[in-house]
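Below, each structure is written out as C-alpha cells.
In the two complexes below, subunit A is the common chain; its partner is subunit B in one and subunit C in the other.
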Partner chain A sequence: MATSSSARLERLALVGRLWPWLFLCALVAFFECWSQVRVGRSFIGSLYNVQAILLAASAPLMLAIGQTFVIITAGIDLSVGFIMGLAAVCVAQFLGLGGPGGLSLAITLVATVAICALPGWVNGMLIARLGVPAFIGTLGMYGVARGAGFLAAGSGMTVPVDHAGLAWIGTGWTPVVITGVLLAAMHFVLSQTRFGQYTYAIGGNQQSAARAGIDVRRHLVQVYMLSAAFAACGGILYTARYGAGAANAGESLLLDSIAAVVIGGASLFGGTGNLVGSLIGALIIAVIQFGLIFIDVNAFWQFIAVGAVIVLSVLIDQAKDKLGNAS
Partner chain B sequence: MSQRRVLIRGALGAALAATLLAGAGPVRADANKPVIALLPGVVDPFYFTMRRGAEQAAKETGSELLFQIPKAWNTAEQVPILKALIAKHPDVLVIAPVDKTQLIQPLKEAADAGIKVITVDTFIGTGKYRTGAGNADFPYSYVASDNVEGGRIAAKALAKAVGDKGAVYIENNKPGISSTDQRMQGFQEEMKNHPDIKLLETQYNEDDANRAAAHVGAVLARTPDLAGIFAANTFSGKGAAAGVKNAGKTGAVKVVTFDAVPGIDADLKSGLVDIAVAQKPSEMGYMGVKYAADLARGKTVPALFGTGFVVMDKSNVDDPEVHKFIYSN
Partner chain C sequence: MSTAALLEARGVSIRFGGVEALRNVDLDVRAGEVVALAGDNGAGKSTLIKIVSGVYTPTAGEVRLRGEALPAGDPQAVRARGIETIYQDLALADNLDVGSNIFLGREPMRRLLGMPVIDRARMRAVAGEVLRQLDIHVPEHKLAGPVRMLSGGQRQAIAIGRAIWWNAKLLIMDEPTAALGVPEQRSVMALIRRLRDEGVAILLVSHNLHDIFGVADRIVVLRRGELAGERATAQTDGDEIVRLMVGDTYAATRQAH
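And now, the complex of A and B:
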C-alpha cells in the first residue's frame, strides 16, 4: 500500500511541477483547434504568429528576469516599468547627443545600463540598509524614475531616434534572441552559481542566511541593481523596436512581468521560483493575449483570462505545497 | 485525492472558460465580403462612438468588421494587438495610431504583408500620405477632424468667453500624439491674434482626469485670476471641469473642452463647461470603413478626409441637430 500511495504522490508531484508546461501546451492546442476549424488556418504553424507571440512575451520577460531574482529574495520591484521608460528615453537622447551621429552605440548602451542601475542601487540601499519595505521603497522609485524619464524626454514625451545599428537590434527575431540569450545566462547564474544559491538562501530565511556568513545586505543591493539593469535592457529593446524612446514605455509591462513570475511558480514569500517558470509564465500570457485576438474574442476577456490564470496558478502551487508537507 | 481534485477542477474550469470565451465568427477570405479591422487608441466614449459609425458602414458595404481596443494609450499595448490583427490578414486595417513615430514600423509590417492601412483620428509621420516622400506615406487615407482648425475654433471661442483678456492655459494629454499636438498648435496660433490674452505653460496629464483636476488647482494657486482653460481632449476636459468646480471658480474660469463626452449637455447647462468643440467620431468610423471597403474592391480613395466640428454651448445643446453629436458608450 505504502509504495503505491507514494508512487501516486510522486505522480501528482510531477503534475504539479509540470503544470505550467501542460497548461501552455493545452492553450496552444486549444487555439490551434479553434483556428483550424473556424479560421481555416494554422495558429502555431505560422512563423509570423510564433514571432509575434515571442516578441510580445519578450518585453515583459526582460523585466521578469530581474524580478524573478527579487521575488525569490521575498522582495518586489515595482519600479522596473518606469526604469525601463527612463532607459528608453536615455538611449534615444544619448544617440542624439553631440551633433550628427551622436554617441557611439556601444557607449550609449553601457551608459544607459549604468545610469539605470543607479535607481536599483538606491532601491537596494533603502531596503537592505535602511529597512524600508520593498513594496514602499520601490513604489517611491516608481515615481522618481517616472519623473526622471519625463524630464529626460524634454518637451516631447517621445524622443525619435534614427540609428541603423539600434534599429537592427529591434528588427525581426533579434529582440527575441537577445532576450533568450540573457535568460539562458541568468538561468545559469541562478541555478548553478553561488550568487544564485545566496539568492535562494536569503529568500528562504534571511536570519539563517546571515548566520551562514552571507553578506545579506550587499547581496540584496546587487539583486535590485540586477533588476534595474534588466529593466534598462527592456528599455533599450523598446527604443530599438519602435524607433523612439518614451518615458511610459514600460508602464503596462510591470504587472505582466510580476504575473509571469508568479504563474511560473515563484512565491511572493520568497525562497522559490526559477527563470524557466518565468519564461513559461510570460509565454502563457502572450499566447492568451494573442490567441484571443486571433480567434476574435472581445478584448476585455483577455484581462479576465490572464487574471484567472494567475489565481489558478497560485491555487495549484498551494495544493502542491500541501502535498509536499504531507509526503 | 483532494489535490488531484483541485487539479482536475482547475483544468475543467479552464476548459469551460475557454468554451465561454468562444463565440466569435469565422474569418475567411472572400472577395465579396472584405474583412476590415478597426483598432482605435484606447477605451473611451469617443472611440466607441467611432465604432458605431464603422459598424454602420460595414453593414452598408457588406464588409466584415473586426474590432479590438487597447486598455491604455500606450505603444506597448497597441502594437501586440496590431500584430495579432496582422496575423488575421484583414484586407484593410483602420487604425488610430497612438504615436506618430513609434507606430510607423509596426504599420509598415502590416503594409508589407499586403494589408492596406487607413488611419483615423491620429496619423503617422506627417499625415500626408501617398506622396512618395518620407517613410510613412504608405497608408491610403487619413480620416479625421482638421485638428489645427479645431484648435483655432476653440481659441476664438475661449477668447470671446473671457472678453479677450486675462490668463489662460492649455490642459493636454501628452506630447507626441498628432491630434492633440495639432489642436494645441492651432490654439497657440490663434492666440497670437489676441495680444491681451496671456498663454501660460501647457500642463500634461497623460490622459488622466484626476491629474488634470490637480493641475487646475495648482495653476489657480499661482494665478488666482486665471480666466480660462482649453482642455485639448476628453479626459483633460473632465479633469479641468472638476478642478474648476473643486476650486469654487465655476463661471469665473471659462472652460473650453475638446470632445463631447456623455453628460456634456448637463455640464454645459450648469455652466461647469462653457463651450465644447465636438468632433464627429461616428463619421470618422463611417468614412474610414467606407474607404476601406472601396480599397478592398480596388477603388481609389482620397488621401485626406476632414470630418468637421460642431461647437456646443448652453444655447444650442438641446437642439436635436446638435445634441446627436454628443458621444456615447
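And now, the complex of A and C:
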C-alpha cells in the first residue's frame, strides 16, 4: 500500500513538473481543432502561423532570459522593458550618426549593449551593495531608463533607421534563430557552469552561499548586468524588425517576461526555475495571444487568459510543493 | 592520543565598543576530543567560536592550530587550515541537492567540448559516499532532490559530512541539536562520538546539559566573558556545571530549596 501511494505521488509530481508542456500541447490542440472544424485548415501545420507565434514569443523571451537569472536569485528586474526601449533608440541613433553611413553595425551593436549594461550595473550595485530591495531599485531604474529613452529619441516618439544589415537581422526567421541561439547558450551557462550553480545557491540561501566563499555581491551585480544586456538585445531586434527605435518598445513586454518565467515554474522567492521553463512560458503566452486573434476573439481576452494562466501556474506550483513535502 | 593540543587559544580578549565581551580566555582542544563550551546567554560562547573560526579579530591574545598562529579575521583562510564551523542554520542551500551542498563554492569541473562544466556525476557519487561514511540513509530519489525535503537530522548530517569531506581537523558545532527531535538528537550525538573516535577534534557549543554530558570529554564554562571553570566530564555533574554557569549566588538559592 505504501508503495502504491508513493508511486501515485511520484506520478502526480511528474504531472506537476510537466504541466507547462501539457498545457502548451492542450492549447495547440484546442486551436488546431477549432481551425480544422471552422476554417478547414491546419493551425499549427501552417508555417506562417508557426513563424508568427515564434516571433511573438521571441520578444518577451529575450527579456525573460535575463529575468530568469534575476528571479532565481530571488530578485526581480522591472527595468528591462524600458532598457529595451533605450536600446532600440540607441541603435537607431548610432546608425544615423556621423553622415550617411553612420557608425558601423558592429560598433553600434556593441555600444548599445555596453551602454544598456550600465543601468544593469547600477541595479546590481543598489541591490547588492546598498541593500535596496530589488523591486524598488529596479523600479527606480524603470523610471530612469524610460526618461533616458525618450530623451535619446529626441522630439519624435520614434527614430526611423534605414540600414540593410540591421534590417536583415529583423527579417523572417532571423530574430527567432538569434533568440534561440542565445537561449541555448544561456541554458548551458545556467545548468552547467559555476555561474549558474551560484545563481541557484544565492536564490536558495544568500547567507549560505556567502559562507561557502561565493562572492554574492559581485554575482548579483553580474546577474543584473546580464538582464540589462538581454534587454538591450531585445531592443536591437525590435529596431531591426520595425525599422525604427521607440522608447516604449518594451513597455508591454516587461510583465510578459515575468509571466513567462513564472509560468515556466520559477518561484519569485528564488532558488528555482530554468530557461526551458521560461521558453515554454513564453510559448504559452504567444500561443494564447496569437490563437485568440486567429479564432477572432476580441484581443482584450488575451490579457484575461494570460492573467488566469499566471495564477493557475502559481497555484500548481504551490500544490507541487505541498506534494513534495508530503512524500 | 597526543597531549599537545590541536587548538590553543591564549589570553583571548575582545571588545565591542565599550563592552569587553571576552576577557583573557584560554581554551585547548586536542585531536580526538570533544570539548563542550557551556554558558548562559551572553556568556561569550558565540563570540569565542567566531574568533576561532576567523570571523572576529580578538583585541588581545591569539589562537594557534598545531602551534601555528591562525590568521585572525579571515574565515576562508581558517577553513583552509582545517577548521570548519557548522552554524545553527547549517548554511545549506535548501534548493540544491546533497552533492551540490557538499561542493558549494568548490564545485568539481570536467571538460565538455573544451568547456569547463560542473561534474555532477562526481558530486552525486561523493554525496552517496559521504552519507554512507556517516551511516545516514537517504533514499535515492531524495539524494537527487533539494535538501529541504530531508529531515533536520539528515540535514545536520549533510552539514557535518561536508566539513568532514573537506578534511576538517577541528569541527566547531553551534547548538547542533537545538532544532531536532529526540531520535535525531541521538543520531547526531552518535555521529559526533564516531567522528571523535576517528580523531576529529570537536568544539561543541550547547545549552543542553544532557547533550553535553552525553558526548563531551571536557566541559569549559564561560560566565560573562570570563573562564568560569573547566572540568573533565567524568569528574563533575550537572549541578556543578550549572553553578559555574550562573555563579554561586543563584546556585546557593537553588540549594536552599
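Here, the second predicted complex is superposed on the first by the 327 of 327 C-alpha atoms of A that agree within 3 Å, B and C clash if a C-alpha of one lies under 4 Å from a C-alpha of the other, contacts with A are read in each partner's own complex, and residues count from 1 in each chain.
The working rule: a residue touches a chain if its C-beta (ideal position, glycine included) is under 8 Å from a C-beta of that chain, and two chains touch if they have at least 3 such contacts.
What you are looking at is a predicted structure, and each value in this text was computed from that prediction instead of being measured.
Residue contacts after overlaying the shared chain place A:52 against subunit B, while subunit C stays out of touching range.
Once the two complexes are laid over each other on the shared chain, residue contacts for A:201 go to subunit C alone; subunit B is not touched. By the touch criterion defined above, A:192 reaches subunit C but does not reach subunit B. In the superposed model, A:42 makes contact with neither subunit B nor subunit C.
Looking at the shared chain after the overlay, A:271 reaches subunit C, while subunit B stays out of its contact range.
By the touch criterion defined above, A:209 reaches subunit C but does not reach subunit B. When subunit A is checked against subunit B and against subunit C, the one touching more of its residues turns out to be B. In the superposition on chain A, contact of A:322 is made with subunit B only, not with subunit C.
Subunit A makes touch with subunit B in their complex at residues 12, 15-16, 19, 23, 26, 30, 34, 38-40, 46, 48-49, 52, 55-56, 59, 155-158, 160, 238, 241-244, 246, 248-253, 286, 289-290, 292-297, 299, 301, 303, 305, 308-309, 312, 315-316, 319-320, 322-323.
Within the complex formed with subunit A, the subunit C residues making contact are 75-76, 79, 87, 89-96, 100, 104-107, 109, 112, 116-118, 141, 145-146, 149.
By the touch criterion stated above, subunit B contacts subunit A in their complex at residues 2-4, 6-7, 10-11, 13-14, 17-18, 21-28, 66, 68-72, 74-77, 79-81, 83-88, 99, 101-106, 113, 174-176, 204, 206.
Subunit A contributes residues 10, 192-194, 197, 200-201, 203-205, 207-209, 211-214, 270-272, 324-325, 327 to its touches with subunit C in the complex.
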